[in-house]
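Look at the two complexes coming up: chain A is in both, with chain B in one and chain C in the other.
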Partner chain A sequence: MVLDKSERKQSRSKVIVRRRFKKNYYGYLFIAPFVIGFLVFGLYPIFNTLYLSFTDTTLLSKEANFVGLSNFQRLFADDVFTNAVKNTWLLWILNFIPQIGIAMLLSVWFTSARLKLRAVGIWRALFFLPNLLMPAAIAALFFSLFSFYGPVNQFMVRAGLLPEAKQFLQDPMVARGLVIFIQWWMWFGATIIILMAGMTSISISLYESAMVDGASGLDMFWRITLPLLKPILIYVFVTSLVGGMQMFDIPYLLTDGRGSPSGSIMTNNILMYLKFSSSKGHIGAASAVGVLVFIMTSVCALGIFYFLRERD
Partner chain B sequence: MLKNYNLNTRFQRVFIYIFLTILLIITIVPIWLLIVNATRSTVEIQQGLSAMPSTHLIENYRILLGRGLNLWRGFMNSLFVAAATTIISVYFSLLTAYGIVVYDFPGKRLFSNFIVILVMIPMQLSIVGFYQYMSRLGLTDNYASLILPAIASAGSVFFGKQYLESIVIKDLIDAGRVDGASEIGIFHRIMMPLAIPGAVTIGIFAFIASWNNFFNAFILISSIEKYTLPMLVQTLRGDVYRTEYGAIYLGLAVTIVPIIVIYALFSRYIVSGIAMGSVKE
Partner chain C sequence: MRKSTFYLLSLLIVLGLALAACGGTSTTPDTAVEEPAAPAEESSAAEPTAVAPAEEPAATGKTVLNVWSFTNEINTMAVAFEGLHPDVDIVYTMIPMTNGEYQTKLKAALGTADVPDVIALEASFVKEYVEADFLADLGELLPVAEANKTYPFVIDVGTNDGITKAFAYQATPGALFYRRSLAKEYFGTDDPEQIQALLADFDKFTEAAAIVKEKSGGNTYMVASSGDFQNPFFANREQPWIVDDTLVVDPMVNKYVETAKLFRDEGYEAQAAQWQEGWFAGMNDSLVDAEGNPKQVFSYFLPTWGLPYVLAPNATSADGTHDTSGDWAVVTGPLPYQWGGTWLGVMKESPNSELAKEFVRFATLDQDNLTNWATGVYTNEFLKAIDPQVPDDQQQAPGDFVSSQVVVEKIIPSFDNSDLSAFLGGQNSYAGFAEAAPSVNAKLMTGSDDAIQRALNDPINQYLNGEITEDEMWASWKDNLRIEFPDLIIP
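For the complex of A and B:
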């Protein structure tokens, strides 16, 4: 009787297993909306953009002609495009270096068992705040702060730091510096959170045994923290790159929306928008910008991702 | 030697706190100026900086609304788009994540690796093709074009998958099956209630991303009555408000303060969400 019962139990669990196997096909039903949504709103627009980049389509004309690679040829021959790509890289790199630097420093301090800093959670939460604010509003805020009659000029003139008010936003270096500063300001807090998550997941015993061996704090950082943090660093690097290549709101709203002064803060996406919104609405050319930047970004991102990954 | 070490640590600590304080001032001052200046009159603002709020909030509000800017319509538009995006994003990303976590269907690994790659791919760059496609469907200048793509938000699915992996109990699902619940019923009635903390995190991020989204709305929406808040910010920078600093700051404060309030309420979810989204292996 006992045997009978356990047998029955076994066969019942077999049924469940078999049923579970069949049920596994339900997975497709669950992911179906995502897949359809992706095909319709993600993949198709990519192919459509690619297709448009080979045509001379405008917003006004209904007909479109296939023009081969001439949109791309024109872009490569155009200084405005090469300038935009260079600018975008420059603006991204110069904000990424201090961003990762400061974030690394603060993360090491915040997680240090020796320093035991107080209220780490509160510091971190406050440093992260700018990341959540609307970039468009932040750009407008800095536009206003640095305008001719704005508070920065007043403060500098009154404090005797400047002889007279300065048209800050007409100086290419200042405009670039501001974009870089704002990007840094918005992102270093987020990077701290991510790096700290990585650091706290490293086992303490590794540090303890290193300490027994007489390793210094710096040794431990280079030999333990940094190598084990590699996947996280790659993640930060790639997501920041992808975001940086699409920089738009801040440089667009900080000056006149054309990358002024003298194209110093013209980025890929601003150029794409300008082609798109030009009086003819040349969306073929705009698509070509999108396609080139898409290829450049994806190749760099996936390149970093796989190249750095497979070596472990 | 130990005493020396302690002294050293103490000095270092003082130095670090000073450094953190400077960094904190840099972080907070622009935001603080924005909020304080929203309550000060233009004359006061031009007279100099102040860290203290003043009493001209209502006056600024009158000027702000008196020049043809329909701030509250923009606010409601943003709220509607962000809320709809949030609901769609939370529901469909949990649905997809549940499908990946619970069922061992062929191609599952491929699919979840694909999601990771999608997170990294710069989708926004296909906006022109998206625009032209939406205009063929007659969906430009329509919120549907802003909301519906949230069905396939890879980042949310990725997070949802991380989250569900930590809470899904297969026995509970089997118990549901024994009780005769359908698969989708198990998802709705057993898993959804359990996944509320994860759903809140996904929802906050979806809401904030949509609330702050300027580029897509700027390209897809054209009629003024459908403008969202980030698009109105542009108007604030225009000639109408050239010298009305108080009103400009107030307008900007309206876009930022709701997010600060959300952050004050949910900072724990937000901070842990950022951390969890990145730690994979």
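For the complex of A and C:
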């Protein structure tokens, strides 16, 4: 049977509909791994943590009770938790400022059309190298460098800079300084790479015309580079904040895993881990720390997005 | 000009990295030996056997038994067990416990399908598990223990509310090891009996420390660190740390703090923390202070296992230039104590609980096995004959002190002219430990000891350094305790 024109049109549109549906269907299929992964490993743990934080669950006892807000009350009963939060912010801010500062300076130099530095790739690779080392190895390295019978003491005493050997890692200021230095040293190379990627994507013609108009290097940085780099900066800011609030490996491994000396490098996550790995494994109490850190980080990240948003 | 600033800055940073990297390679400490009974054989730690599902028999049709431990020690017994039971395949998993990884991993596995059949439990946390509800009742093995005359404290530790859940192959009374040559120099004798009389209690020990300092011109320290004598003080408390959910600070704890402060202020200790570089260097006379002056350490508090696993291997320096072997002697010391030890328990959920119990019996209560274990029968060749896959460093050197009095008495004479007695200038340490072992008391041990004592370390260091007062030290310790013991009543 021969179809007339209108029927033919109809069937063609049906094919198109089916094809469109099929396309969409494949789209869902392609994003399914992420969505499933996120639901199982992202969303479910968040809700489970929230649930656990209202119970007195421990790993070593089989039954658990609903205890309301008492886990949270306990956190504020003494100043251990507030101290951990203060420490985390201090350690993060003091390593982030020099990190972004040095990274920005070096990125500007590396990408500068005026300086035309040679072997930029090699410098960038060298600065990135510390990031490839294991935190455990770095912590062990600094631990032995600054130990009582270690080379730093030997050097400083023999050079007359110290009257006698000092227990560096039992001094709160030294321990904090070391954590800040290590974090900066490990991460500024990674920040350089991201900032440089952002800067090289800015059209060179903007700088050329600015130079023709007689703009100085500083002018160009403030009026061209920085505004156009804002999305990248927000990204660096937020990822560093999230990472900083979860700072764990270096302060955990540098001393005795309890934030010593004097709780000076006790961070949010070390506190959480201590509660988790305590004699009975108080995962309920540990979850309460996790929930508060989650809320704090989310609020701050949203704040960054809000204050640095594009204003019309 | 700016270009040169850049190069200068970059060069400085790179140079800094390079220097930091160079400095470390020569000084990385041997952090492997963190815990009692850790022979520091980390090589097998690198490749722990994957955890095979317990229900599935291996391809060969053998029954699979999963054993978890924190050193490679027990693997030796596992291989020996396989030799006697060809139908059994023991899957051995080792997780180090340097910073408590083993305990954390074990806690996380409880109640899941990954839970092993047999677990090793170190003295610092064995009570947690004996007091909790995860281990099977091993009461049926008690008659065997009785026949072995297993030391009473070994069974006490493995027992809670009358139910015995864990046994140990070791007994671990503590001792004091000292340098013979230094004793002769400062006290005119190196005879263990006379030295023991000079160091019979801690007041005498402190007096002796003053003599050592004076006669050596401050170049010999009585101990490497005040942490060394923490165990003897804590072992002689009258009350456990926790009574009726309330924290108890026994007078012995105050006495420990007092003595530690005195040793620091008077310069009787080298400030070389346990398990760190300086502490090991003291054992072979290669300790050098920051100015480059050589320093010596007179004595170390170590238990039974400390001799074959810690002191003997470290008595020779890495470059071979310093060797103190043969210059050591052992005495009971100022206070009797016990330190460390490994217990074995069977998980309730184990699908092969009968076989698992048989393994625990073999490892901890079998007289033949204990004899082989202590006298060096389990050589690498012996193990390779059973299983050619055994790593090259897997073996058991003679000298570990076992838990059965029957076996101990039988094998004492075999140590009369052994390598270990040569190390101690002819002294048979096994005989000395045999005298100390029956009087060890472990009734004070609870599951929380380790965490409570660890929490005290940093406040004490701050106090010893003079950064905080004693009151601040106690307050800081109590704050630390609240983190891990939310239900503890802290006066």
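Keep this in mind: the second predicted complex is superposed on the first by the 288 of 312 C-alpha atoms of A that agree within 3 Å, B and C clash if a C-alpha of one lies under 4 Å from a C-alpha of the other, contacts with A are read in each partner's own complex, and residues count from 1 in each chain.
In the analysis below, contacts are C-beta pairs under 8 Å (C-beta built on N, C-alpha and C of every residue); 3 or more make two chains touch, one makes a residue touch a chain.
Small disclaimer: the values here were computed from a predicted structure and weren't measured.
S.K.: Let's test your reading of the overlay: on chain A, do chain B and chain C clash or fit side by side?
M.R.: Chain B and chain C clash in the superposed model.
S.K.: A:L115 in the overlay: touching chain B, chain C, both, or neither? Say first, second, both or neither.
M.R.: In the superposition, A:L115 contacts both chain B and chain C.
S.K.: Just chain B (first), just chain C (second), both, or neither: which does A:R258 touch?
M.R.: Only chain C is touched by A:R258; chain B is not.
S.K.: Could you let me know whether more residues of chain A are touched by chain B or by chain C?
M.R.: Result: the larger residue contact count on chain A belongs to B.
S.K.: Check the residue A:S278 against both partner chains and state whether it touches chain B (first), chain C (second), both, or neither.
M.R.: Once the two structures are laid over each other on A, A:S278 reaches chain C alone.
S.K.: Which partner does A:V80 reach: the first (chain B), the second (chain C), both, or neither?
M.R.: After superposition on chain A, A:V80 lies in contact with chain C alone.
S.K.: Quick check for you: in the superposed arrangement, does A:R158 touch first (chain B), second (chain C), both or neither?
M.R.: Both: A:R158 reaches chain B and chain C.
S.K.: Based on the superposed arrangement, let me know which partner A:S144 touches: chain B (first), chain C (second), both, or neither?
M.R.: After superposition on chain A, A:S144 lies in contact with both partners, chain B and chain C.
S.K.: Is A:Q167 contacted by the first partner chain B, the second partner chain C, both or neither?
M.R.: second
S.K.: In the superposed arrangement, which partner chain does A:L60 touch: chain B (first), chain C (second), both, or neither?
M.R.: second
S.K.: Identify which of the listed stretches of chain B (112-120, 148-156, 166-174 or 220-228) has C-alpha atoms clashing with chain C after the superposition.
M.R.: So the stretch of chain B colliding with chain C after superposition is 220-228.
S.K.: For chain A, what residues appear in both contact lists, the one with chain B and the one with chain C?
M.R.: Comparing the two interfaces on chain A, one with chain B and one with chain C, the shared residues are 106, 109, 115, 117, 123, 126-127, 129-130, 140-145, 149-151, 154, 158, 185, 253, 276.
S.K.: Note which residues of chain A are touching chain C in the complex, please.
M.R.: Touching chain C from chain A are residues 59-62, 74, 77-80, 106, 109, 115, 117, 123, 126-127, 129-130, 140-145, 147-151, 153-154, 156-158, 162, 164-165, 167, 170-171, 185, 252-253, 255-258, 260-263, 271, 274-282, 285.
S.K.: Mind listing the chain B positions that touch chain A in their complex?
M.R.: Contacts found on chain B: 9, 12-13, 16-17, 20, 23-24, 26-28, 30-31, 33-34, 37, 45-46, 48-49, 92-93, 95-96, 98-100, 102-105, 108, 111, 117-133, 148-149, 151-152, 154, 157, 174, 177, 183-184, 187, 208, 211-212, 214-215, 218-219, 229-231, 233-234, 236-237, 243, 245, 248-249, 252, 255-256, 259-260, 262-263, 267, 270-271, 274-276, 278-281.
S.K.: Could you list, by residue number, the parts of chain A that touch chain B in their complex?
M.R.: For this pair, the touching residues of chain A are 16, 19-20, 23-31, 33-38, 41-42, 44-52, 57, 102, 106, 109, 114-115, 117, 121, 123-130, 132-138, 140-145, 149-151, 154-155, 158, 185, 189-190, 193-194, 196-198, 201, 231-232, 235-236, 238-239, 242, 245-246, 248-249, 253, 269, 272-273, 276, 283, 286-287, 290-291, 293-294, 297-298, 301-302, 305.
S.K.: Name, in rising order, each residue of chain C that touches chain A in their complex.
M.R.: Result: residues 2-3, 6, 10, 13-14, 17, 20-21, 23-24, 27-29, 31, 99-100, 103-104, 107-108, 110-111, 125, 128, 132-134, 271-273, 276-278, 281, 287-292, 447-448, 450-451, 454-455, 457-458, 461-462, 465, 467-468, 476, 479-480, 482-486 of chain C touch chain A.
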